[in-house]
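In the two assemblies presented below, chain A is common to both, partnered first by chain B and then by chain C.
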Partner chain A sequence: MGRWKSGRVVSTREETPSGRSIVLDVPGWGGNIAGQHVDVRLTAEDGYTATRSYSIASADGSDRIELAVDRLPDGEVSPFLVDVLAVGDELEVRGPLGGWFVWKPEQTEPVQLIAGGSGIVPIVAMIRAHAAAGSRARFELLYSVRTPSDVFFASELEGLTTTYGRTTVYTREVPTGWPVLPGRVTREVLAEHTIPASERPSVFVCGPTGFVEAIADWLVELGHDPARVKTERFGGT
Partner chain B sequence: MTHVDGNVLAGTLSEIFEQDMTTAAGECAGCGHTAELAVALVYLSGAGTVVRCSTCGDVLFTIIDVDGHPRINLSGVALLRMP
Partner chain C sequence: MAGFTRGFSGRQREESPELPPGQFLTHDFPVLSAGPTPRVDLDEWEFSINTETGEKHSWDWAALQALAIDDVSTDIHCVTRWSKLGTSWRGVSLDTLFAEVETSYDYTMAHSYGGYTTNVPLDDLLDGKAWIAFEFDGEPLDPEHGGPARLLIPHLYFWKSAKWIRSIEMTADDDPGFWEQNGYHIYGDPWQEQRYW
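For the complex of A and B:
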């Protein structure tokens, strides 16, 4: 857990105009629970190090982990991971980390997933784990993205819609023929498109800090027990 | 500066405690509220990490790096219950 391990890049795939997924082979990893994250450490030639956390999109019990990273133009670490890192490169990783923002197949209560942008990454792990386990627990996703091309894991999320329900909210640009104008998730959208508090769902909210804060506050106003609302703030505004 | 969830501390704290501490319950010395570390507010910066109580905003603890070794000041935590 606390020890740094070496991961080798096995493959990468462009997911969105600003982000890509990265599969790492980490000998001795031994699997992880859906929702956990990994710390990634980069070391420059002069010994300077930078460490950042990344959620894990995979949850299959193997030594292979999949990450997905969105590039922040002025960022220190993400432009390297998205634009520079290549197949065969080695990366220091620590994990699997975190025992709180996780979903386990033995959970049977309804689950409301809410993701903003790259906040979909740990949520994808939960959707994959739920499908792989053949879980009958009700799963609903509310996914907020800027434009149709900003959807991470688009074809896989589409293919799994027999196992979970999904509402997508486009904030800047909608697909052709989409019935509503682009706009942010509001309290009303939340109330209309998520499992009501009366059904006592577990709620997982992940994305930029501002998005998570707004959603979490509204969920509590809508009657959800704060103890059932778990958040993973990615930072930013 | 923006903040993230206490969950982000899992890696750093596992260096010190050798187990996942994000589900440990910490009692705030300021307001007496007890919560899992995962829900604390964490402010990350190059200078170090500041962890605040999600109820009253008081500093629970700080972590700084001294020559590659984490140094942690726990003075805002009245009680820490291991998971």
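For the complex of A and C:
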């Protein structure tokens, strides 16, 4: 994990109206496992620092890491990362961190991924690692977003449909012609669109606290072994 | 070390000498846990301290409530960098619970409903430093914050304050618990920024 390293922004891309992805070149990074995160430290001219954690969307073993940040209107760090940071800027990063909410290509059991909003970021790393390794482990994603334009990594996720299954739930606004009305993930939706407990999948749930709490409770009610349900909550309440 | 970050000035800050290095103040109460929230009925709830001789000191909910209860006002510090100042809790001091416990071991492992574990030196549980807390802000502790009862060890990072506490085992060595095996510091002093190994 080591000490703070300097990362240089090599590219950024708008992902959603409130979020963007950022690719950093971090000499000496040396790769990370899918699902891990990094601490990002910003330093003001007067020496003040602010540090926040961000999941890593990439897991390719190189010195490049990709983050995706959603702007919190009142936030201190996320508006800077989404609106101000530019190609060529330097940031300090520390990591990779976290050895629990991770997926490794040697895992062969079925995997149910469940993401809400920007909670997709560590999940994308797992999907990418799964594709890169040519893994035959069954992978299913249930992704809850507000509207079609809030999907992070939209075209990439779209393009990968052959190696994994995907269900998207739109909570506020659906694409034209979509067969169901907008609405939150319910226990019924969860039961219908996820790998059943009887197949003993590993389950990764990431998103806002309320979302993760509700989903994790239902998973346990649906018979999943709590020990196989790993969660990551992105701060807030 | 790199210089400053171009264009970043930080926002209007609430500075406070009570804030350990690298922490920022928060006014809400974020939830961080590794898995689903266990739901434990009060009539099934039990807490025990287990020693090296196989002796088990246990309390059910009524027995816990019959002990001396402390009101605790304290600051808490999460390893993910938020701190809350002046939080108020009610609970039973570990001094009370350890009063009759005979042990020659110096370390403990806290075990939770749901399987979570965290290691704490015995010295860090005694002398008014730790509680089994069951109320936060005048209300029964929410399950997502560790209710019905959690460990409260305010002088260490909050992952040491095991939610859904079920037992404390005496151990000869300072063996790593759950997060300690997953990259976090074995001790976790916020003032020393002991976050990760």
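Basically, the second predicted complex is superposed on the first by the 236 of 237 C-alpha atoms of A that agree within 3 Å, B and C clash if a C-alpha of one lies under 4 Å from a C-alpha of the other, contacts with A are read in each partner's own complex, and residues count from 1 in each chain.
Everything below uses one rule, namely that a residue touches a chain if its C-beta (ideal position, glycine included) is under 8 Å from a C-beta of that chain, and two chains touch if they have at least 3 such contacts.
Because the structure is a prediction, the values reported are computed rather than measured.
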item: Clash-or-fit label for the pair chain B, chain C on chain A; value: clash
item: Partner chain in contact with A:42 - chain B first, chain C second, else both or neither; value: second
item: First, second, both or neither for A:231, with chain B first and chain C second; value: both
item: Chain B versus chain C as contact partner of A:97, first or second or both or neither; value: both
item: Of chain C and chain B, partner touching more chain A residues; value: C
item: Doubly contacted residues of chain A, that is, touched by chain B and again by chain C; value: 1, 51, 53, 97-101, 209, 230-231, 233, 235-237
item: Of chain B, residues touching chain A in the complex; value: 2-5, 7-8, 10-12, 14-15, 18-20, 22-23, 36, 38-39, 44, 83
item: Chain C partner contacts - residues on chain A that touch it in the complex; value: 1, 4, 6, 42-45, 47-53, 76, 80, 84-86, 89-92, 97-101, 209, 213, 216-217, 219-220, 226-227, 229-231, 233, 235-237
item: In the complex, chain C residues that touch chain A; value: 1-11, 13, 22, 24, 28-38, 80-82, 114-115, 144, 178-179, 181-183, 196-197
item: Chain B-facing residues of chain A, complex; value: 1-2, 37, 39, 51, 53, 94-95, 97-101, 209-210, 230-237
